[in-house]
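Both complexes shown next keep chain A, but they swap its partner, so chain B is in the first and chain C is in the second.
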Partner chain A sequence: MNGELIVFFILALVAIGSGILMLNLTKVVHMVIALVFTFLSIAGLYVMLSAEFLAFVQILIYSGAITIIMLFGIMLTRHSDRTESKIGVPRTVLVLGGIVAFFLVMFFQINDLSFGEQATVLHVDNTEKIGVELYSKFVIPFELTSVLLLVALVGAIVLAKRDDEEEAKDNE
Partner chain B sequence: MSSVPLSVYLVLALILFCIGLFGALTKRNAVIVLISIELMLNAVNINLVAFAKYGINPGITGQIFSLFTITVAAAEAAVGLAILIALYRNRKTVNVDEMDIMKH
Partner chain C sequence: MMNDLLHSAPSLSNTLIFFALGASLLMIVLGFVTYAILAERKVMGFMQLRSGPNKVGGRFGLLQTVADVLKLLLKEDTIPKAADRPLFIIAPVLAFAPAFMVLAVIPFSDSLRFSDIGIGLLYYIAISGISTIGILMGGWASNNKYALLGGMRSAAQMISYEVPLVMSVIGIILITGSLNLIEIVDAQKNLAFIFVQPLAFIIFLIASTAELNRTPFDLPEAESELVAGYHVEYSGFRWAFFMLTEYVYLFAMASLTTVLFLGGWHPVPFLGFIPGVVWFAIKFSLVVFIMIWFRATLPRLRADQLMSFGWKVLLPLALLNIFISAVIKEIWF
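Right, the complex of A and B next:
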């Protein structure tokens, strides 16, 4: 057993353990904090897969931005900080059965999947390669992404803004 | 050179996807449902990056695909949260099983 395998198992253990913890905790804020550890260990896995730029993006966006925005959502809407009165047992069992069946089917398909050892040099100048590829081959999807982000920005503001009538009613 | 095979990454991504799916289908708080969906998208990203290194045709394209996925996921989280806040203002609830106006 060499070092790479040990690092992989530690990261995988943290990721899966935090995921399970997320399912079992009762307070909503604790669930989100548990998922931060999953996101961080996924960033570690990206480094192992020679995707350093993606690892930084993962830490910035998932562990930073999305976690904070979810915490904002919890703080702004909290009426009771516990997830009380869970969904009924029959439905949980049904969902669990379906997911276990899905897991088994996929597991037996991918268990012995291997395309042989492919030696690549992805980790050399990783960010530069991504930039060159993004601005040469993927220019149009890149520009479309900017439109998507603009639409999401405007849409989020419009949705979360209070109606004018409502505001007028409150001011009276 | 490397000792961690492709299938191990795929199995890890599958486990994370199943955790996210279970959370999205059984939790009542809508914020937790949203963040479970983020976990599922993250599992997909692991698959893309793993195939970018160990796939049949290795290259940087898989990593670029995951960049686009991360962008779309961030936009989805922002819009989802805005919908949630608008709903909370009108209905005073964030539980997904009480969001049933269109059912009746």
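Right, the complex of A and C next:
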């Protein structure tokens, strides 16, 4: 048992544990916090796979931006909301059966899965390599994504603006 | 010595050495926080024609902060009955831990640094974003409308000013061609980036003041409107943790400014005989002094002015700076 395995188990445990907590907690805000811990431990797993760039972009976007947007949404609406579970026994049994089947399928598939030779130089200049790949091989998808984001940005401004104008008319 | 350690194979003794180094850095940072608070009160005192703390610990009040911290630790630790107990307890930790974690990537000198990762700058920006969640949590868990308002303001402000902060740094990344803070410092061997990127420096300084929630952008704790902001309900050492977060971020942000714009540990020409750590300390102290200066001289902004300044002035300027940097890079470098 080496250090890598211990770290993997801790991160995996935190990821799965907070995932389960997220589903089982009753207060909305608690759920978001559990979600943050899931995102952070997944970022930790990325670091273990020598993908630091992806890991910290994950923290920046998911735990930094998206959860805060969620929290904003929650706090501007009903920030003390609770959920009550109303799931019957048959449904629980059905879901449990599904999960067991899924686990068995995945377990037997992964058991005799082979990735071939393991890459050993993944950590050398990987950020630079991502940049080079992105701007040489994947230019068109990259540009399309930027256009999509621009459309979303303009759309958000248009929506916000219309609200303002309507309010001004209502006030008159 | 430290470089050898960073490149050596991981082992149990290395873990212990790194733990000890981390603990000593924490002690140094705590010492800085103690005297930064005193320095802030003294400098502000002199700027406002009064003398500041001068009773505890001799003529200059050298033990004033120590006495204050002792008082905080002895205070009763209250948790309001209506508060959300688990989140109320976890919030100061969630706010403080990232503040100390970001220090891991700051290179203090050629030999004194705690890591050498290729994405140092991205690490700093990503990790510092987690603190916002801690502050928002503290505000929500207190179950107090002033605390919630303070927390919301804080989160809105930190998100809005993170954008120009990151954008202003892109010019430097373009010129250096690396996100590694050590390589960024090395690229400033002959000329600090403050002369290459003056616009970026101004944007960065303003945005970092806003990120630190300091005057003129201290709306989250505007005492005249919100009692105290997100930490109204906190007392004792939990409150001390929020204060500590603020000052450790001051340490981290001043270090980052030194590394990105003032050339880090590189000396001014002809004064190369002074060791690099001392140069770092001098430049760092200068940035901290400027922050204190801002606080003593500028009035607080209004909430809507704050938002429109961030999005309508700083962001377009930062975009312009990226454009100019790209042109400069194409022509000269």
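To be clear about the criterion, the second predicted complex is superposed on the first by the 123 of 172 C-alpha atoms of A that agree within 3 Å, B and C clash if a C-alpha of one lies under 4 Å from a C-alpha of the other, contacts with A are read in each partner's own complex, and residues count from 1 in each chain.
The criterion applied here is as follows: contacts are C-beta pairs under 8 Å (C-beta built on N, C-alpha and C of every residue); 3 or more make two chains touch, one makes a residue touch a chain.
Only a predicted model underlies this, so the values are computations on that prediction, with no experimental measurement involved.
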* After lining up the shared chain so the two structures overlap, which partner does A:V57 touch, if you call chain B first and chain C second: first, second, both or neither? -> both
* Asked: Looking at the overlay, what does A:F72 touch: chain B (first), chain C (second), both, or neither?
  -> both
* Is A:I33 contacted by the first partner chain B, the second partner chain C, both or neither? -> second
* To do: Please determine whether it is chain B or chain C that touches the greater number of chain A residues.
  => B
* To do: With the two complexes superposed on chain A, say which partner A:Y46 touches: chain B (first), chain C (second), both, or neither.
  => first
* Considering only touches as defined above, state whether A:E133 meets chain B (first), chain C (second), both or neither. => first
* Structure fact -> Interface residues of chain A shared by chain B and chain C, listed 53, 57, 65, 72, 79, 126
* Asked: Hey, which residues of chain C end up touching chain A in the complex?
  -> 10, 84, 86-87, 90, 117-119, 122-123, 125-127, 129-130, 132-133, 136-137, 140, 148, 152, 155-156, 159, 162, 179
* **chain B - residues contacting chain A, complex** => 1-12, 14-16, 18-23, 25-29, 31-32, 34-35, 38-39, 42, 45-46, 49-50, 52-56, 58-61, 63-64, 66-68, 70-79, 81-86, 88-89, 92-94, 97
* Which of the residues in chain A end up touching chain B in this complex? -> 2, 4-5, 8, 12, 15-16, 19-20, 22-23, 28, 31-32, 35, 38-39, 42, 45-46, 48-51, 53-54, 57-58, 61-62, 65-66, 69-70, 72-74, 76-77, 79, 83, 85-87, 91-92, 95-96, 99, 102-103, 106-107, 110-115, 117-120, 122, 126, 129-130, 133-134, 138, 141, 145, 148-149, 151-153, 155-157, 159-160, 162
* **chain C-touching residues of chain A, taken from the complex the two chains share** => 3, 27, 29-30, 33, 36, 40, 52-53, 56-57, 59-60, 63-65, 67-68, 71-72, 75, 79, 125-128
